[in-house]
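Common to both upcoming complexes is chain A, partnered first by chain B, then by chain C.
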Partner chain A sequence: MAITATETETTAPGAFGPAAALSCRECGERYDLAPRFACEFCFGPLEVAYEFGSVTREAIQSGPNNIWRYAGLLPVPGNVAELPNMNPGLTPLVRADRLAAELGMRSLHVKDDSANPTHSFKDRVVAMAVEAARTFGFRTLSCSSTGNLAGAVGAASARAGFRSCVFIPAGLEEGKIVMAAVYGGQVVAIDGSYDDVNRFCSELIGDPAGEDWGFVNVNLRPYYAEGSKTLAYEIAEQLGWKLPEQIIVPIASGSQLTKIDKGFRELVELSLVEDRPYKVFGAQATGCSPVAAAYEEGHDVIQPVKPDTIAKSLAIGNPADGPYVLDVCRRTGGAVARVDDAAVVDSISLLARTEGVFAETAGGVTTGVLRKLLDEGSLDPAAETVVLNTGDGLKTLNAVEAGVTATIKPSLDVFKEAGLF
Partner chain B sequence: MSVSVRVPTILRTYTKDAAEVSAEGETVQAVLADLDANYPGIRGRIVDDNGKIRRFVNVYVGDEDVRFAQGVDTPTEAGTQVSIIPAVAGGC
Partner chain C sequence: MAITATETETTAPGAFGPAAALSCRECGERYDLAPRFACEFCFGPLEVAYEFGSVTREAIQSGPNNIWRYAGLLPVPGNVAELPNMNPGLTPLVRADRLAAELGMRSLHVKDDSANPTHSFKDRVVAMAVEAARTFGFRTLSCSSTGNLAGAVGAASARAGFRSCVFIPAGLEEGKIVMAAVYGGQVVAIDGSYDDVNRFCSELIGDPAGEDWGFVNVNLRPYYAEGSKTLAYEIAEQLGWKLPEQIIVPIASGSQLTKIDKGFRELVELSLVEDRPYKVFGAQATGCSPVAAAYEEGHDVIQPVKPDTIAKSLAIGNPADGPYVLDVCRRTGGAVARVDDAAVVDSISLLARTEGVFAETAGGVTTGVLRKLLDEGSLDPAAETVVLNTGDGLKTLNAVEAGVTATIKPSLDVFKEAGLF
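Here is the complex of A and B:
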């Protein structure tokens, strides 16, 4: 059995920094730091548990200008910044005064993760997976992906010297396919939905053919998922070591949302920020909104759906972290809401027109939900709010219809006649 | 009515490390009962006390998640493949 063979290898002390163990989110059972992702007893998801040393604001601020300034809070070795990786993070927290004015809000920021090396937040999570793969001795990096993750894995593999082979549903946006393929790894399109791709990858892991393969979002998932905590750390640091009062996060598997919450709680625990109530809001596209549906109906279980939306990066019909998203949004007093594809397109334009931020469809979903929650009165327009843009609009060009204002001859007269000044 | 069942790593202690075993039965429920007769205890890991598939387990007949079909009553035609898979993968 491939996985077990790797599990028995002992990992060098310190290879995972402050990470102490994997623990089951459901039953609390603890495991050694190994490439495993589901609890032996209850199948529950495993997540990284820590024994943090001293972490100060000063130490963080004197660190590198990327996620490695938070290395003391992540499952990575102390010398991680010297290893070959993509160095993502510290993306702009854009003060969105013009968007705020248009929406009637007092304080709004856009965390713009399209500024990462492969133009989505996935570089954060993949950076964690790369370190785990290095430690476990995997040679091939792989993933199931709706596109952005595939690009991030391709690039990070190229830089860190892994072979890569990624799996995507057929029919993805061209920009994402090119970004996945250009780094020289294999890109395999599966005739089916993301959920089909995910099932395929889960089976490959248990098969000799998948031996020595590190799937960033399957057998490396506990480590990978921790990368999303860096969004929480950066937002708090960029707000002047303060938690925002409201945050709106897109949901596909729901992993990012739950880890942002984990990141905020750690900052409070470590006294890096003052405790302050914050509300987490989840955003889905109507054509794939199983978590929003469960939220609206007051359910704890997620009924899987078959996705049909232009927001392909969020098109997971059976989200692994769905129940935990419900927990976080309910506990913090937030909500989970959905908007249709027309609102997604509208909101991409709104964000671009007001703030100069060109979001991919996922950012349209998040901005759309921001607007909808304000209209409904479930978001406080006076509270300090952060909305995430997790990916770049250049990856989903087909979603928007924007073009030249006019085509004219190079003539001043024609320009003036056309009334363009 | 023999079907082939793919067993995830976590449950292979029951099947003596076999990744794939065969079982008899015309529905998922019957297949799980037959599995349990040969590999005692395995069924209880997959379904709860009420006979419902556990929250963090996905069961597929062919390519279809049985939650989209008839759950444990989903028919399992001879020769189809039943897959049992931990549900926690993902993050896209």
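Here is the complex of A and C:
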């Protein structure tokens, strides 16, 4: 695939590795690798297009124990592992035998992204944005965030020496606010929902005063979003270079789900895994489930909603990639489903009790949807299945009711009388 | 080294890998590999003695991306990686160039153990105890804990199918209580300090009703403690099979510090690294610093104290391994130092701001001691130095003062007027 685009003047040769251009997901128009995110002709979203070189399992396996082992598949320079970055990834794929037994399944794994440096999958996407921001010469990193992203941007900015200023909706969980602020950057709370924060950032980015600001999920979004592909690569490698048959992914903007699908397809294209069918299932909380609603009603258009759920990290009422999520789930034979907040809380406990994984609310959503789809018969209990936990229960402590069993004096008699043995 | 001890009847051949016996640290008396922890003759603590087979760098490097790559150096069965366990370890060794620059150092790394499954180094030691408990046929896992251990035992018990009952002092941080309780085990708070909890557990363990209870840090302690050796192995491997010249380790019971020293010496003995001098420095918070006090006064005996510090994970007033810590620090030419709570808080911010690592209070203690020893001239700024962060800031949120910079309406004008650009 020949391209005519030349790289921008700020871009050193090889700065984006195998990335060849940005291309419009709607009309296919191609652009230089610049900090742009929307097509000038049709306003469609831009994504990274590649010309991959030779990528082998052996080369990947001899790489670093983080996402940079897949540098040959990402828009990053070849020496990326030596640059100051948070180096996320290669998180555990937990063989969930006890949960599988409880649910009557044959083979279930939990991809536990709470092991990332700031304990959510956002470290993956921010790591990409940091490299793009470095190449483009930005000085400040920014984002609109439901919480996890703010922490990831704060930490990565500190590590890489950027100033940071992040925007969150007022009223987030304490753990998420502290984790965003502790790295020394600015944290600005906006009176309103995440969708209000997002609109505000779109306004901000047009202002000349912000010309050296890289908004990881706005003007750096095409690069940023590619980070989610690493979830697909890792899952396949950790399954022994094999695609799962079923995967359950949470939906916030929907970007992660579409990039996992993109990652699986690339692995097949590059003959790194066998081409076998896989089904992608999307998971939402009922209190913010515009994609699930569109799926159930057979629509292609997403009707925005006003979120009302404890799953704040998924509370995006107007998900940018919603239509593409519908495409992926329908094409692969999956589905989009939703569970209410009570099921989310119950599923967090189930996952903790059976597998020792303390998920944040998003992990409760995916595990809840796993249970629901099994109950409904939409998920095959005999097929190799992966469920994603994308965040950490420590950041959403208020979602669970867990405390001490008893408080006693240090006496064996008191302990026995309380029936605690 | 020939041993005459036969293994106990509950122990399958090979269940403890290269471990050959328990041996008394004081008098050298040897015992079978059983759930015992004190010498019958001199009451000295028992530790695991080995007869290592061939262990090569290549074999380690081709092992799993967790502590089980060092199975040949640990008291665990050869198939340990296939058993249900939390599989901690291989946490990042962060090259801390920005912190080094700020402190005027040449080469500094942060070993960040917050990346472990329950976000503290305790997952390493509990992983060992789980294997021993499985071999000995215990049904319930228990511990006395300052918080992190309780979470690690709760999670590992859930994963491996044990019942759990953990004991903590009343008044711990919320994050630590929830993380202990969410996995479904019993969490019993004791009115008193950690030292009271510890005494209570020693009483409890003698009761016949607890005969199938494995207390990870009491009757399983010799196995449990060996988990800390993996910190030494990983640091050396991640430095390119090289010992650091200086290392700063927090002191709670002191076990971790002595086992890191043991791990370094084993690597030398097995010719896995070059034999070069290293200095071990112990770090305490002034509000609980009995070992630092003994060090400063040149004593060999530790005078117990009543802890009063925000560094609750280090708040052990009567540290069991204190005398051995003094031995190691004196033998290697290191030191034991202490910093007050204000320095702890300040150091947490320093580490977060320069490296994007959000440490719990214990990491503030080690980083604070790093600064102090540099200021005093006791630490060589030109030597290869490693500082440990053993826990996660998310569990000690109240220790830091970090919040939003401002809360504003979603308006560009308001943003600019507030001087936030």
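Heads up, the rule we're going with is that the second predicted complex is superposed on the first by the 411 of 421 C-alpha atoms of A that agree within 3 Å, B and C clash if a C-alpha of one lies under 4 Å from a C-alpha of the other, contacts with A are read in each partner's own complex, and residues count from 1 in each chain.
We take it that a contact is a pair of C-beta atoms (placed from the backbone, for glycine too) under 8 Å apart; a residue touches a chain by one contact, two chains touch by 3 or more.
Remember, predicted model here, so these are calculated numbers, not experimental data.
Q: Have a look at where A:354 lands relative to chain B and chain C in the superposition and call it first, second, both or neither.
A: second
Q: Could you tell me if A:403 is touching chain B, chain C, both of them or neither one (first, second, both, neither)?
A: After superposition on chain A, A:403 lies in contact with chain C alone.
Q: Between chain B and chain C, whom does A:207 touch in the aligned arrangement: first, second, both, or neither?
A: both
Q: Taking the superposition on A as described, I'd like to know which of chain B and chain C A:115 touches: first, second, both or neither.
A: second
Q: In the overlay, answer first, second, both or neither for which of chain B and chain C A:196 touches.
A: Touch partners of A:196: chain B and chain C.
Q: Could you look at A:44 and tell me whether it touches chain B, chain C, both or neither (first, second, both, neither)?
A: Only chain B is touched by A:44; chain C is not.
Q: Check the residue A:148 against both partner chains and state whether it touches chain B (first), chain C (second), both, or neither.
A: After superposition on chain A, A:148 lies in contact with chain B alone.
Q: In the superposed arrangement, does chain B or chain C reach more residues of chain A?
A: Looking at chain B versus chain C, the one contacting more residues of chain A is C.
Q: Once the shared chain is lined up, is A:280 touching chain B (first), chain C (second), both, or neither of them?
A: Neither partner.
Q: Return the residues of chain A at which the contacts from chain B and from chain C coincide.
A: Comparing the two interfaces on chain A, one with chain B and one with chain C, the shared residues are 192, 196, 199, 203, 207.
Q: Enumerate the contact residues on chain C facing chain A in the complex.
A: 65, 84, 86-87, 90, 92, 95, 97-98, 112, 115, 117-119, 154-159, 161, 165, 168, 170, 174-175, 177-179, 181-184, 186-192, 196-197, 199-200, 203-204, 207, 209-210, 348-349, 352-358, 392-395, 397, 400, 402-412, 415-416, 420-421
Q: What residues on chain B touch chain A, complex-wise?
A: 6-10, 12, 17, 19, 45, 54-58, 60, 63, 65, 67-68, 83, 85-92
Q: Going by the contact rule at the top, pick out the chain A residues touching chain B in the complex.
A: Against chain B, the touching part of chain A is residues 1, 3-4, 26, 37-40, 42-46, 125, 144-149, 192, 194-196, 198-199, 201-203, 205-207, 215, 217-218, 221, 224-225, 252-253, 255-256, 301, 303-304, 306, 313-314, 316, 318-321, 323.
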